[in-house]
Amino acid sequence: MSPITMVRQFGEVLLAITLAPLFVGWTAQCRAWLQSRTAPPLAQPYRMLRKLFHKDVALAAGATPLFRMTPYILFGSMVLAAAIIPSIATDLPFARVADAIALIGLFATARVFQSLAAMDIGTAFGTMGARREMMVGFLAEPALLMVLFNAFLLSGSTALPSVVDAYSAGPLSINPSLTFAGVAFVMVLLAENARIPIDNPSTHLELTMIHEAMLLEYSARHLALIEWASSLKLFNYACIGFALFLPWGIATHGADGGWALLLAAGALIGKLIVFGAALALVESLSAKLRIFRAPEYLATAFLLAVLGLLVHLLLGS
Amino acid sequence: MSHPGWVSRGVVLLQRHDLHWVLLLVLGWLFLGAIGLLRPHSLRFVARGLFPAGAVLGLGVALLGAVALLAGQAPQAMVLPLGLPNLPFHLRLDALSGFFLLLMGVAGAGISIFAAGYFRSGEGTAPGLLGLHYHIFLASMALVVLADDAYFFMVAWELMALSSYFLVVSQHRLPEIRRAGFLYLLMAHLGALCLLLCFGVLQGGKWQFTFDAMRGAPLAPLWATVAFLLALLGFGAKAGLVPLHGWLPEAHPAAPSPVSAMMSGLMLKTAVYGMLRITFDLLHIQFWQWGVLVLVLGLFSALYGAIFAGVKTDMKRLLAYSSIENIGIIFTGIGLAILFAACHLPLFAALALSAALLHALNHAFFKSLLFLATGNVLHATKRRSLGALGGLAHTMPWVATLALVGTLAIAGLPPLNGFVSEWLLLQAFLFTPRIPHPFINMLVPLGAAVLALTVALAAYVMVKFYGIIFLGQPREPALAEAHDANWLERIGLTWLALGCIAIGVLPQIALRATGAVTGLLLGQTVNLSSRIWWIAPIGAKQASYSGLLLLAGIICVVGITFVAVRILAHGRFRRTVPWDCGYPWQTSRMQDTAEGFGQPIRHIFGSAFDMERELPSPSDSAPRYRIHVEDRLWRMAYVPIARAVQRLSDSIGVLQGGRLAIYLLYSFLTLLGLLAGVL
Amino acid sequence: MPHSPHWIVPSLNLLASLLLLISFAMLSRRRTQRLITLFAWQGAILFTSTCLVAYSSGHKELYYSAALTLMLKVIALPWILHRLIRRLGAQWDSELLVNIPTTMLVGLVLVIFAFGLAQPISLMATTITRNTIGIALAVIFLAFLMMITRRKAITQVIGFLAMENGLFFAATSATYGMPMVIELGIALDLLVGFFILGIFFFQIREQFDSLDLRHLEALKEE
Amino acid sequence: MEILIVLGLPLLGALLLALFGARRFAAELNAGMSFATLVAAAFLVLRVLRHGSLLALHEQFFVDSFNVFLVALTAFVGFTTALFSRPYMRIEEQRGRLSPQRLRLYHSMYQLFMAAMFLALLTNNMGLLWVAMEAATLSTVLLVSLYRTRASLEAAWKYFILCGVGIAQALFGTILLYFAAERVLGREGMTALLWTHLNAVKGQLEPRVLGLAFVFLLVGYGTKVGLAPLHNWLPDAHAEGPTPVSAVLSGLLLNVALYAVIRCKVLVEGSIGSYLPGRMLMTFGLLSAVVGAFFLWRQRDIKRLFAYSSIEHMGIITFAFGIGGPIANFAALLHMTVHSLTKSSIFFTAGHASQTAHTQQMDGIRGLAGISPTIGWGLMLGSLAILGMPPFGVFASEFLILTTAMREHPWTTPFLLVALGVAFAAIFRKVQPMVFGESDAPPLPHSPALVPVFIHLAMVLTLGIYMPFALAEWFRAAARLIG
């Protein structure tokens, strides 16, 4: 592989790592504005991370090595995912390592490790959080798979770069099946990233929290890594969404010189800004669901994805 | 494929008498079992002496199976001067049997080594007898896949059932274990009868019982379907396909753990073998309806097993249900393969079939590993209920670590082996819209969703399994002095864990193996990329996956991150007590329980269970929460049959009323009836 | 074929019908002693008919079997039976399982059925006694019926013997009797069987102090 | 010559034992005579193997491949049963259930019974066959009532009356047969009842008469075979008689009766040329198999249990003969052999088991494997064998029968499945707790003679995985003969 591809690869990863907290910050800011609060500065997540990194870890007595490894594994898998997802370019040497399905697998691995770590200390909340997290997971995955099915039917591939290439090769058109799939994907994204209406990242109300409940025992650098990883996760999901539904601007195979990359980066940032705002809007408009309503919510997502599938098969495009 | 010179020379040397060697090793197993009877009560002799030898033989069998598989020479046949007149025992070693020999040999070796360290004296049957049954079990499984005529197949098949039955009831003093054994043997026998009838159809009215003759014999579609359905019944009963699964969750927990591992990891696979042998080899045609049937049954079993594994609180029972789930996944693959093959899409059929075969192999590894681990836990704690366990990671680090590998593998997570087969299967599902049947090509994609749900549920179940047994705080003080596995057991566990990792990291090798099988059965193999660390079964553009690079990537990033954090920040930490949520009187009993973990599943899939709850009242001084979840199919399918038999036998008792006059009347009426008949 | 006087056939048919009559009588009798007497009469008729057949057909060996019948069925068995029931005090046969008119009706049906069955055979038969085969079959059936309807051990035995008579009559009338070896064997079996029965009566008696079959209904599927 | 010896030895034995049967050495004498018979039978077998089928004494006796193997089987099982009965009866005597006088009766009657069966097997004369069958009944009646308990008397009484009446039907059938034959063969030379001659001219025999005859013969001999609904005597007689008698009744007498039925079937089928007899046998067989299976489910008494299992298996064999054809007949003959071997061995172990537990009620028998492993494992293996578990021979025959039925008469297979499945469940759920589990009963005072059991089981096992060429040839020839 040529140096330029390597540069592209690493550049993308670095871009992801740096942009992810910023994106979270941006979303928080939009939310604050929408709820007419004074917004925290855009770089707030970075400050948070810096503070956490310099604290001492308070490690619970019964913690096993698994507990201490988990933050690194989470961060690692999210970075890896960022390296696979074509956020600015499709010709990535590492993208062949895993197609979209394997990507879901990667996320699942992260989830399982996080849940195990949460059970490790043996507090009531940790286990409860783990349980709920896994529940959301097994409900979300079928829907996500159906979404990918749609993409596959259009592009004949589950490898995200090929999907993007296939789209950008064809004429620019909104496919009816994709609209259904898109809505489904957004719903899954909200659920998977612990956003309203399934979970609320900014609350510590014990009985309703999922994600935060698993982090109760973490502190300092471990917590920092986890937070960073979860922001990366959100970022990755956003990028998957862009690749599947709004692939325009991504530097495709062949047409990926320096300018194309700059253009792609710009496009990406633009999409992120819009998406962040939209996300904030959705979160502010919708109320959090009771945990037992989550199945219905995700079932709806699943249904939409399947509808997209059937629409495609019926219209037979 | 390219071997170094000496390897290929060795391979050639082995090929020449491959089948003879295999037979020799199998007889070696029988011999080991027999000499175990010389000193039946000496644990040292049997366990420390014979079982490791059996493991070595297992490795040999695996090697020969691999040779038969990868060297790709013509099938070898052989005839023993035994059996019925005109029907001596035929043996045959081709790619299919080679694959399953490999599976049994490799996994069996690990289990045997573990068993060498596992059995304690004074546990039920005498060690010698146990060793006899154990090795007969191994040998009969090998013979099942080697058999090349109906009679020999049936003999080996029933021998397998019988020996495993004796292993299951090795602690026969407990009535519930006897009950489990009875149910197991009964279902096995009924299944065998169905197979018998299936062969009765296949022999085509010319009493040609050799598989070669059956391959040749053309069958009318109706007869072929009858044969297929009978085979599905017979092998489904052995594999534990819902609703024929009743025996499985009873028998697996009842058996000693190495036996549970053998039954779940190896024996269920013989059913898969038989299904493939009959459907793709002996029956010369397939119909897509068969495929749909198998697919539906498979998916149903998979989901059903996963759901029940989610609510069960006995660790071995949980694993048993997870076996049902995995068998379901395998049969899903087979169903897809039939569907594709019937629609003349051999490439996709090959993809689905490789997925099924690979999953069979994987399941042999991780399920055996987990069952053995539960064996260790059982010996260390004498507890089977999850509610009494917890925090064992501190006291049994070896088992905990190796079991973690198995857990992640069975949860279908990259980069371990479980993920690969499920990934392949999902890939196969992606092509179902190509099927030229309306409705089918719309409905089957939903199967993919069910499969995804199952896989994700498996992850849920496994988090529950591992987290509650090994993580958290010990729920009972007794767990503090649990001891770790001894060195033989460690070898066995490590062997299986390495298997999980190896296949997960280099699936290409396994795909070559399955490729040989699909080549034999479908005349088509998935496309095998030249490089050893990629798999791209259909084409690099469609989808590709590399476990090795994924693992390497994770390790690199984690390493870099770790070092970076150490450099940029620091590594200081101090131990504290966990945060008590402002309630300082917490005990380990306040951790979430297995029942609690089952709650979401009971909530979502409530209609599948018969539940009886015992909820504490608010004013309860000593509140108790108890929930008992039963298999609804048990009440809907099994109990009525038993009742019907009971009722019939009650009513038939009238015939024997004790009155001589009535008896005379019977014979008189019979006479008159027959006379009227001939008149 | 030796000469057969014209009066032979009618008289044979007469005897046959007498035989049938006696069977019906046995069916209707309640008292055991009467039954035994009737049984003896049956034997006597059998003896006469056999003699007639032997005389008319000129098969000498039939005389031996006739003699056998005389000794066994007319003299020996009835005598033993009489002594038995006197020793066992079982002269009185109590109720039947089915009331007599019904039994009679059923018997009638059976006779018709038997004739129907025998029709093809008697058409083929070359013997002068061909028409009596149906009657022989009817006698067998009626004996069977009697065994079914009776309660006491002894009456069942008598029914059994009556059936034997029917068989013998069938043999003579259809085929001028079986070969001598067989006849002897049959007779021997009959005798032995009868002695065993005698032994039985006493054993049953000493166990149950009664010959009522109701005591012999313990072995059953409860 | 051998024929006469085979027939004569048991008669001689009966005579001797009638004299010395009460002595100490009676049991040994009994075994000795049986052994001598076995040797004679072996010579007879060799002779037949060398020269093929033979006729003797004015064709009154006839040995072909069909009956000679039954003769061998009968002699063998007779011998092993005599071996078994030695310690068994000794224990019964010690327990005071039998007096020396009874033992004398037992021993002499045992030999007489063997003689009767040999006569039935060897004779060529349908009349003599009938006589022999009757004699076999008579000689066993007193054996069944040997204990003189109320139950045993009742059983013997029912046995006697039912089989007597049945046999009477058979006699009428024989008369009809004779009647039909006489018109073809004539009265002279008394050939009209010789099976060989009948077989030669069966084509010319009058179909309608033979049809009637077959009905009577089937009902008659079928009663002794224990075909439902003529079976009612069988469980009582087996359960109440002493165990060795149950063993020979179930293992041998039923076979001999079935042998008679089949001989008749050959003639009749040849005469009327239709499948009617075959269909009748199939129906009876299926009925017996199903009825027997469902009866099994409700049994509490161990010997009754296995008696019903005999009904079931006789049903299967009859069914197979009903199907006909080389394979099915082969399977049926094989099943006859393995069934009598297995079932007799089961009765041996069952007898000792009930002696150990002092009861025949299965709920009272527990943990045999713990008390005396030979009895326990003998019972377990025997039951598994009779349930058709490979590698035992019963499986081999069931394999052939089921596979044949599946192709030729698919409609029968559901019934067979139900019968076999229910029988399996019924027997195994009873046997398992008897063999396994806990018990505190003391072992037997007199060491049990289970050598016969394991000899039988070993033979059955061998038949399952390897059939000697001679035996196979034998079965084939017999199967061809039955057609």
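A, B, C and D label the chains in the order they appear, each numbered from 1.
Everything that follows uses one rule, which is that a residue touches a chain if its C-beta (ideal position, glycine included) is under 8 Å from a C-beta of that chain, and two chains touch if they have at least 3 such contacts.
If you're wondering where the values come from, they're calculated on a predicted model, not measured in any experiment.
Visitor: Whose C-alpha centre lies nearest the centre of all protein C-alpha atoms?
Guide: That would be B.
Visitor: State the pair with the higher C-beta contact count; candidates are B-D and B-C.
Guide: Result: the pair with more contacts is B-D.
Visitor: From the C-alpha centre of subunit A to that of subunit D, how far is it in Å?
Guide: 79
Visitor: Taking each chain's centre as its mean C-alpha position, how far apart are subunit B and subunit D in Å?
Guide: 44
Visitor: Suppose each chain is reduced to the average of its Cα coordinates; what separation in Å results between subunit A and subunit C?
Guide: It comes to 101 Å between the two C-alpha centres.
Visitor: Hey, how far is the Cα centre of subunit B from the one of subunit C, in Å?
Guide: Inter-chain centre distance comes to 71 Å.
Visitor: Do you know which subunit D residues sit against two or more other chains?
Guide: Touching at least two other chains: 157-158, 161, 165, 208, 212, 295, 298.
Visitor: Give me the residue numbers in subunit B that touch at least two other chains, ranges are fine.
Guide: Residues 653, 655-656, 660, 664, 675 of subunit B touch two or more partner chains.
Visitor: Please output the residue numbers of subunit A that touch at least 2 other chains, ranges allowed.
Guide: none
Visitor: Which two-chain combinations qualify as touching?
Guide: A-B, B-C, B-D, C-D
Visitor: Can you check the complex and tell me which residues of subunit B touch subunit D?
Guide: 81-85, 150-151, 154-155, 158-159, 162, 169, 172-173, 175, 178, 181-182, 185-186, 189-190, 193-194, 196-197, 199-201, 203-205, 207, 209, 645-646, 648-650, 652-653, 655-656, 660, 663-664, 666-667, 670-671, 674-675, 677-678
Visitor: Within their complex, state which residues of subunit B touch subunit A.
Guide: Residues of subunit B touching subunit A: 390-391, 393-394, 400, 404, 408, 411-414, 419, 423, 426-427, 430, 433, 441-442, 445-446, 448-450, 452-453, 455-457, 459-460, 462-464, 466-468, 471-473, 534, 540-546, 549-550, 553-555, 557-558, 561-562, 565, 568-570, 572-581, 586, 588, 590-592, 596-597, 599-600, 603-604.
Visitor: Using the touch definition up top, name the residues of subunit A that touch subunit B in the complex.
Guide: 53-54, 56-62, 64, 66, 72-73, 75-77, 79-80, 83, 94, 96-99, 101-102, 105-106, 108-109, 111-112, 115-116, 119-125, 127-128, 130-132, 134-135, 137-146, 149, 152-153, 156-159, 162, 206, 216-217, 220-221, 225, 292, 295, 302, 306, 309-310, 313
Visitor: Would you tell me which residues of subunit D are touching subunit C in their complex?
Guide: 125, 127-128, 130-131, 134-135, 138, 141-142, 145, 148-151, 153-158, 160-161, 164-165, 168, 171-172, 174-176, 178-179, 182-183, 187, 190, 192-193, 206, 208-209, 212, 236, 239-240, 295, 298
Visitor: In the complex formed with subunit B, which residues of subunit D make contact?
Guide: The touching residues are 157-158, 161-162, 165-166, 169, 208, 211-212, 214-216, 218-219, 223, 228-230, 232-233, 235, 276, 280, 291, 294-298, 327, 369, 384, 387, 389-391, 395-396, 398-400, 402-408, 413, 417, 420-422, 424-426, 428-429, 432-433, 436-438, 464-467, 469, 472, 475-476.
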